[in-house]
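Chain lettering (A, B, C and D) follows the sequence in which the chains are written, and residue indices restart at 1 in each chain.
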Amino acid sequence: MNSFGRVFKVSIFGESHGKEIGVVIDGVPPGIAVAEKDFEKDLLRRKPGKQGTTTRIESDMPKIISGIYNGKTSGSPITIIFENKDTKSCDYEKFIDMPRPGHADFTSNIKYKGFNDLRGSGHFSGRLTAPLVAAGVVAKKILDKIEISALLIEAGGASDIESAVKSAEEKKDSIGGIVECRIKNIKPGLGEPFFDSFESMISHIIFAIPGIRGIEFGTGFKAVSMKGSEHNDAIISADGKTATNNHGGINGGITNSNEVVFRVAVKPTSTISAIQKTYNFKINKIEELAAEGRHDTCFALRIPPVIEAATAIAIADFYLINKIY
Amino acid sequence: MNSFGRVFKVSIFGESHGKEIGVVIDGVPPGIAVAEKDFEKDLLRRKPGKQGTTTRIESDMPKIISGIYNGKTSGSPITIIFENKDTKSCDYEKFIDMPRPGHADFTSNIKYKGFNDLRGSGHFSGRLTAPLVAAGVVAKKILDKIEISALLIEAGGASDIESAVKSAEEKKDSIGGIVECRIKNIKPGLGEPFFDSFESMISHIIFAIPGIRGIEFGTGFKAVSMKGSEHNDAIISADGKTATNNHGGINGGITNSNEVVFRVAVKPTSTISAIQKTYNFKINKIEELAAEGRHDTCFALRIPPVIEAATAIAIADFYLINKIY
Amino acid sequence: MNSFGRVFKVSIFGESHGKEIGVVIDGVPPGIAVAEKDFEKDLLRRKPGKQGTTTRIESDMPKIISGIYNGKTSGSPITIIFENKDTKSCDYEKFIDMPRPGHADFTSNIKYKGFNDLRGSGHFSGRLTAPLVAAGVVAKKILDKIEISALLIEAGGASDIESAVKSAEEKKDSIGGIVECRIKNIKPGLGEPFFDSFESMISHIIFAIPGIRGIEFGTGFKAVSMKGSEHNDAIISADGKTATNNHGGINGGITNSNEVVFRVAVKPTSTISAIQKTYNFKINKIEELAAEGRHDTCFALRIPPVIEAATAIAIADFYLINKIY
Amino acid sequence: MNSFGRVFKVSIFGESHGKEIGVVIDGVPPGIAVAEKDFEKDLLRRKPGKQGTTTRIESDMPKIISGIYNGKTSGSPITIIFENKDTKSCDYEKFIDMPRPGHADFTSNIKYKGFNDLRGSGHFSGRLTAPLVAAGVVAKKILDKIEISALLIEAGGASDIESAVKSAEEKKDSIGGIVECRIKNIKPGLGEPFFDSFESMISHIIFAIPGIRGIEFGTGFKAVSMKGSEHNDAIISADGKTATNNHGGINGGITNSNEVVFRVAVKPTSTISAIQKTYNFKINKIEELAAEGRHDTCFALRIPPVIEAATAIAIADFYLINKIY
């Protein structure tokens, strides 16, 4: 179950404080130039360190250990690995007894019967989005002329994002945000009804990213207040271009050649320095908890390249299925 | 690609105006009582005929053609079929040249190179949700004490749904709605990170339903305007119950034993009687189109049992994967 | 689990004495001409009625219920159904208590906890190979210039097959056979290492056919007595043709453009009229059993078109994966 | 496509002369003790160095980089990596122009359009069976009381294996062998008809191992010369035990509680020191080739632990699917 895609297939492994995390990418056509430096740009965008993000230092770069030969994809599975450094595991021990509210501490403990690695949230850590971004870089190489661009358009309910972050930081609190993703020059005909509609595959992988609470395509939730006559997008040229784009580039689960637009709701970071109540399972009592681990005030700031990567992975799979490449 | 699920696996086939439509359900444990009358209730809820819905008559009941022996599941694949009756194909011919705005006419034509069956929207018809509902009835039998309940809580932006529908009908227009789905008594521990989070699987199947534009879990898009300290749900008892339920019963992609809550945006019906503009591909010109085919003013009215069925299918798969049953 | 293939995907359903049996075929490209009469030839070759085969009459022809529009594939899933007629269920009742040796009676009963349909062997019946043959007919249409030809080259250890069958029939006994399958004009480059080698996929589907006991490619089991210098096939031209073909057209799990050759061992029919011993589970005692149901003296006689169909299905999937078509 | 299994899922990556090779194992239940030393025994059995095997030294031990926490499986994907050492790539350069007979040189070149890594046979190297053996060690831990035992019962057509190897070595030639695998104490009821029969899954993974040419279950190819009355195994006790075991523990694709028996034909090593003819693609001419790279005289000697591992992986998947564990 730990993989996504049917032809362009991605598997992610590792824990935040284990030796290494990584990704195996299967199904990549041979002959595509891939160098370790190609990963820099997107990984830097995702990297912590900016205001409002955790102080954990991830200086590491990806290490390609298979699937690339003489600088090009060989057709065999590509494996990319990141070493885990700067791990401070001591911070996390108490969360075994006192699960952090909003976190996977309690649920992963139930699911894995107490054997899971809770350090740094283990396999549930946002750190696992680094290999996802790496896989996205490979996916983008298949998507020749497509432009995928995700932007944080709102944070903590405000469009002045910088001041919203600052204000939350001062209160030792956290905020969420809305990321809008736009895809230009995408081919029409992508989407495999009944079950693998374009939106099905995009939402599937987007909700794999930690902290996502909602997704909407085109006018999305606003569409419910529109009349059909307003919401319908009139086709105005032979290539399928429409006068409006309320459907966000998709009809019947299939791309229609217009720009694809979707928005994603990112929740406020669960780990906050402010004191919170939670259940202490050791003594069976509600207690107060202060989380001192490093954390993002607004991890939505770092999410756009992750959304782009996830989107690119889903679309690369559609491209290969539809023999575009 | 035309199947959903890993153990409880559903495949849907058929076209609106073909001979029959149906569903194959694989992975159902043997020994579960299933009778044709068990399907009546949910199929009736989905059925057209009420105010605001199409006048197409679907009097047919499902025909079980495999997998049930002596009134019980045999362990072999279950196949359920519905005959197509009351099909008026003549209404649909012009949509080949003049694709209806908001519809799959154009995209399915591109995808299938003009060989698809456009009559009644073919494989893209809302009629295909009948076998989905049938599969949901089987899924619900696996989900013993779970209660899945979907309700239309808003239509056309209003909570007085009846009058909103009436008003749209008078204008020969259509409206959408918001369906809220609540799942009580669900087991904790469901969801398979990294890629098959609980939300990933639910959203995947929900977006397979025609006309869905968005989905949000818990407080969803409202969560982005909350502080972490407000949004975090404090655990207050040893079974994982929380004081609030902003996360909608899910943490880290895994159910946490609280009620699961999600909302779905259903678009206004694309087919409307009012005159619309679209491109005439035969004469390469924008023209006016009036759709005289039967259609729902607000198909969101019929969506709740479909949402429930899709949800039940996804959860039944999680139950079997997690050996609950 | 009841499906085979990654792009060209086949699901089989039904029981021997149920209402209908059938197949859903997903992933077929649109625009391929398919008529019900196209199925006649291969289904006739598989049909019982000839000497040495069961007297059950299968006069029925396939009914296409979805996926074909105006005589061509539409791109949506194709469903083909066969009605079950001439079913004499009374013959099979005693096998619940006294499982037939060599049959699935005991194992299916264990697996499905007694809820399976034993009539006519239910889902385990050779009758289920009819929809497999139907799917093979569709698969062959994708495999343009390929010639797949399976022949019974030996029965009951003898090459004079007719007399071997006659002799077994006289003794109320049964015999098996060896079917050799040869594939001409197959494209090179088919096979997806590591796990989906060409032989892996072929053997996977061949062993789904009831009664298969072994498979070997090229010189197969004889290769173990050869020296490497004898077994290696020298490449003698730029298109990969080899002087010998001990590898049966496959190297490293990938087709090499030479003729693909494999042989399949088909067991003697388990159901025989001669008296046999088995365990009576009702009275917990070994007893004698005489099976009076209709059966083949040598069902290997009917297997060649089934082997061809299974082979065509596996290769059609490889063709679509490799974008040949 | 580069994975095997539905619940216990294995993905293999790497090239013989790349940085590292490895395996990701998904679906392993939490709480199973796994230490790096557990891998020693089976890896030593597979290791080269004995008479008749290559002189390449694989001193390395597996490195677990994810999925094990405090000495136990955590429930997250397990990744095991092997470093590649002692790689002499210079030996392999000429095989680009002059593919070795019997090898994947030509076919992988066609498939991957010349971009594949030919050094040491790249992803097609027998070295890739090291991670397979590692995954088998994990699989065996799930198969509590099962005994899986594979033995080389014949080499070069002789049962005195040692002298057969010696003789081939003297002639700078190579030989193959037959490996018999026996599985004791396996649960009945394993196998998922129609397409995932027990034999289907075993043969699928066995043919993923480089150099396998055939597989037969029970009496296998000899069954075709038996009468039904001889071949049928009479059930003699309530637990399904049979008087004979011609079916090798499987009926109707499902295990029947008797010992499972199958035999595998392993071809003679393709790489031999003796001079062979092949096509020189650079100058378009048949030429003579002498392969000086290290190689096994009889790699069948090292295959038994690989067969056991592959078998364990397939059965572990069946156990988890059938909720045994």
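Convention: a contact is a pair of C-beta atoms (placed from the backbone, for glycine too) under 8 Å apart; a residue touches a chain by one contact, two chains touch by 3 or more.
These numbers come from a predicted model, not from an experiment.
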Looking at C-D, B-C or B-D, which pair matches A-B on over half of its contact pairs by residue number? C-D
Please work out which of A-C and C-D is bridged by more C-beta pairs in contact, and write that pair. C-D
Chain centre separation (subunit A, subunit D; CA means) in Å: 37
Interchain centroid distance [CA atoms averaged], subunit A/subunit C, Å: 45
Whole-Å distance, C-alpha centre of subunit C to that of subunit D, is 26
Residues of subunit D that touch two or more other chains sit at 1-3, 6-7, 12, 76, 108, 111, 123, 193, 321
Work through the pairs of chains, note which ones touch, and then classify the graph as line, ring, star, complete or other. complete
Using the touch rule from the top, collect the residues of subunit A that touch subunit B in their complex. 1-4, 6, 10, 12, 99-104, 106-108, 110-111, 121, 123-124, 128, 154-157, 168, 171, 173-178, 188-189, 191-197, 199-201, 203-205, 207-208, 210, 212-221, 223-238, 240, 242-243, 247, 250-257, 265-272, 274, 276-279, 281, 284, 286, 300, 321
If we count contacts the way the header does, which residues on subunit A are in touch with subunit D in the complex? 1-3, 7, 9, 11-15, 18-22, 24, 26-27, 30-31, 63-67, 69-70, 72-79, 81, 108, 111-117, 122-123
In their shared complex, at which residues does subunit A touch subunit C? 6-7, 76, 193, 321, 323
